[in-house]
């Protein structure tokens, strides 16, 4: 297995392709090299869009679109009031037609209870993987281009052996730049998003990287709120043999205040950066206290593991 | 593996034990030899009931009861308005505490949409098996007594090698009597019930019998309505190597009329006995056209398979 | 019910006389109206009306479009009091005592829509077709690809994309799609809130101004849910159901009248069906399905005998009991009491098995009742067929 | 909101003056009443009131039981216009402009109840304890076994047995259990229908006649769901929230004011937090969290500068951008325009990386702006700390 969940050749649909965000990012994804095989906007089925010298078909429903294109993944640029429905439509269609599929939801601002429902719906369909919402997406850089599903800047990436998973968007880019600063590329980078209720979590990604032949080390970026970082660290201690470098944002965040992401809030004294760093330490994760140090810490970890 | 899902020593709880049906059948089950370890009636926790020279504790909730008794199974004698809730309570408690459990729902007359919800709830908890509702239950006769969970007359059974599965209550007893008439006993007998939406179906039971070392032949009794018999026959043709004897009730039932069981109705020309018998024949199932013939057909089938 | 839930329906008036129908026509203010026979059975449009006395054919079609006041008069005269035979009523048909006069609308297209519980999927199923007004069973048989299906996830309920996709499958767009989306959501709510067994709308129409309207609907309910729907007692049209079946239900019996001459009294639905089957297998014809349930008392047995003997076709009775909860001695006492009370002029064959069968038999044998005790169902069936002189 | 949903609450009146409070006392007709400070923060009962001018302590306890008209007058005088400091308000406390005078009830026992979304379980969690009125965080820490939890299956909703079992966990029975069962169902509906983030009822009480009553409640909402709750605009008490934070939100910025002196302007919530962290790591103190979001225009950058510069503590600014969707050249132009418009008297360090960073730097370098361009976040943090003369 090379890279996780998606590979350079994954076929991707864009839900909400005729919206401004959808059109903009579909074009950029195609330019990067992503195989965008179609888009979905109900009521606009049959339309042909010209994007980056490619002609992209629009379908009325995900069911129709997957049947016509045999897509492997879908990315959602749909406004918050309709995004949870879009996730469930994609989950239902992938499940019915293929029994599997990757759904990436970029949308920010989906009501939490909508996500409680959508995540339960996805989890009842074990072949379906949901990334996000409120995340930059997932990218598997190729030798030439690659598969970028989301909004991250493609040009900063390079194919390589480091897997990256992060709750934050821009911090992921920071982590990518740090791997590049020591001459390392990425196998797959996943932004899982910072919402309180979301799809794929750290553990799913760590398990994927552990099993992936291309990945040799992992960078994991958390932030305050919840206990996902602690749980992942405990799991990694038991299950991950590859070196992991970890950073947690929000050491200076005051309690009770939401720091941008709906999930980034220290409540009841729980979910602090200090607790998360301590859990990382306990699990043998290599800690960077400053994101600008990730490169150096990673290089040291690779050396220690005999990989450099 | 000897017998299926329950064995002679299974520990059983009775939901609704302080109701008249619950008390009556709990006593009979204990007399038969079933290990009734407790009962549940909310608000009556702490009560001790004297039943067939045994003292049975009443608990307020299934959660409490399973924690206290480590029960394996539960049987529900709760009136229809509350029965679906009782199923879900049992499923939740078994799932949380043990990750598995057998729930037998005897109650007749549960609204179909309640069962749609309850079955979906049970199916989300893969370790939980639901038998019924509106069924006689499940019995695994032992050498001396055995485990009877339900309302079937225990005394007509004997431990042996025939597995019986049936939609109908009294027809199951008829089938049991037929096996006895040729000197055969039963491994496990399961009445899956005749409601349109229920738990365990024919295929689950056939799979259990096929895997069970004690079971050497199977009697399967269907009735008009739905396509469960056809689906099971097709599945058996591929997956069951043990001889099966089949009967379907309702050859003379007029279309569009509900014959007692809510599910026993031929609608839109579908679900006739003729179709089901034809499917049995196609699948190599030995057919009895008259339940009084089941013994003779079974004896012939056993002989053909070199088992007699 | 639909109107209360906000489902688009046409204005209409219930009528029980020709005068009613005419004043309904006047009040609706629509030149074209539909005059519809109201019975609890489908296929009314394609049914035929017969005079109940002469058996003469009166009119083809139980639903008629009237273009004038005269039409309304003619059609209501032809419908009221006559017998409507459809593919779902059986040969006997049903007397029509009610009709519905409904304002017309300019129909652009007719669709079919049904909501029911799919027992295999254990979920609510919504079926729709662009072939409205047709017999849906024909559509299902001949052009299954024209029948679009949506299963409702019990956990998530009916989702927006499912409504939208089904509408698009029906080739709806714009205002019509929006109207369909709204109507389907409301119909699903009606189905769930009212514990329906089936809602069938045939036809569902798109009007020329792109409204989606439920033109004709047939609704049935889940009997098991009656405890939480006291309102059903009001809308049930008891007059129309078979009298004995209704009475049997009140007594806790499951009874279905059939055309044969051998009455059956059985415990358990499956065994009751099997008893009928075996009677036929040995050349007889069952007069009924009758399940006395589990744990019936003497009274119940008594009531069951009464209902069986009411049927003038009955020439013999087969009692078939396999006692589980049911004790055979109680049935035996019930049979004796019934015979004593009602007299018995037809042969009676009794098969008792299971719980207390010895005691039961002893009771029967000790009485001076003219009965035949047998050991198995097959013997019983053969015996009763022989006794009433059928083929053996 | 609770009253409308049928949740048991005590009668009470909102007041903004001592006169209001006295006439509320007269109208409630209950000799004993509670006088409650109304601010959006918990821990009011255990809070302390201070004079906003002198800082003098006025009264201990923001919720008081008044046994007479004189008590009401005293307590409302001590509360209104003064500053209430609780464990949740921070040191600054909040000025109390509203109070609530509530009829008393004979309390047999106090409980704690909360409904919230459990992010780990991805489900709604209901927590209850027999230790009502206490600080729940203490209970969770010291006696976790006293805190009973129920998770709501998103598919099935809150089920009857869960309500009953939680009530029994609270040692309720009979009428009190029934009352709790009803109240919990309604509260859960309120939670879901109103897209709450948290409902905390502390205390929930059992009255001596076995009614369960929500005595004091704190409700917060899921901001993401505001698009479907236009009614929130009415109930939001804007005066109480930090002014700059509200204005920032309206401009599409995420802003949280902090106590330090280095203003931050960052794209992305995670990076914004990391920027604060790194500033502190190198000896500085961030003045704020500020995320300009993805794809901000010049206007947004402008607004962000305005909000940062409003804070008189700010002695220097660190701009940290890693362009993804966000183009660095747009940020650069925004910075120039802001400085031109507002003037700039504090040092400015700019780190641009990612999309169009070269163009962005060129714009900054070509201007006559007194800024320091750096390559990494660490360099930027060190530089700004150095410039404002903090430790290095």
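Labels A, B, C and D are assigned to the chains in the order they are written; within every chain, residues are numbered from 1.
Note that a residue touches a chain if its C-beta (ideal position, glycine included) is under 8 Å from a C-beta of that chain, and two chains touch if they have at least 3 such contacts.
Owing to the predicted nature of the structure, the values given are computational and were not obtained by experimental measurement.
Leaving out subunit D only, the rest of the assembly stays one piece through touching.
Common neighbours of subunit A and subunit D under the contact definition above: C.
Chain centres computed from CA atoms place D at the largest separation from subunit B.
Of the two chain pairs shown, A-C and B-C, the one joined by more C-beta contacts is B-C. Measuring from the averaged C-alpha position of subunit B to that of subunit D gives a distance of 55 Å.
Distance between subunit B and subunit C, defined via averaged C-alpha coordinates, is recorded as 29 Å.
Mean C-alpha position of subunit C lies 59 Å from that of subunit D. Those residues of subunit B in touch with two or more other chains are numbered 117, 120, 124. Listed for subunit D are residues 153-156, each touching two or more other chains.
If you draw each protein chain as a dot and join the dots that touch, the picture is not a line, a loop, a star, or fully joined; it has some other shape.
Interfaces, counted as pairs of touching chains, are A-C, A-D, B-C, B-D, C-D.
On subunit D, the positions that touch subunit A within their shared complex are 88, 90, 117, 119-120, 122-124, 137, 140, 153-155, 192, 195, 197, 222-225, 227-228, 254, 256, 258, 266-274, 276-281, 286, 289, 291, 294, 322-325, 353-355, 376-379. For subunit B in complex with subunit D, the touching residues are 42-43, 45, 60-63, 82, 85-86, 88-89, 92, 117, 120-121, 124.
Listing the residues of subunit C that touch subunit D in their complex gives 154-156. Interface residues of subunit A facing subunit D in the complex, by the touch rule stated above, are 80-81, 109-117, 119-120, 124, 136, 151-153, 155-156, 166-174, 177, 194, 196-197, 221, 223-228, 231, 247, 249-254, 256-264, 268-269, 273, 289-293. Across the interface of their complex, subunit A is touched by residues 153, 155-156, 159-162, 164-165, 168, 173-174, 177 of subunit C.
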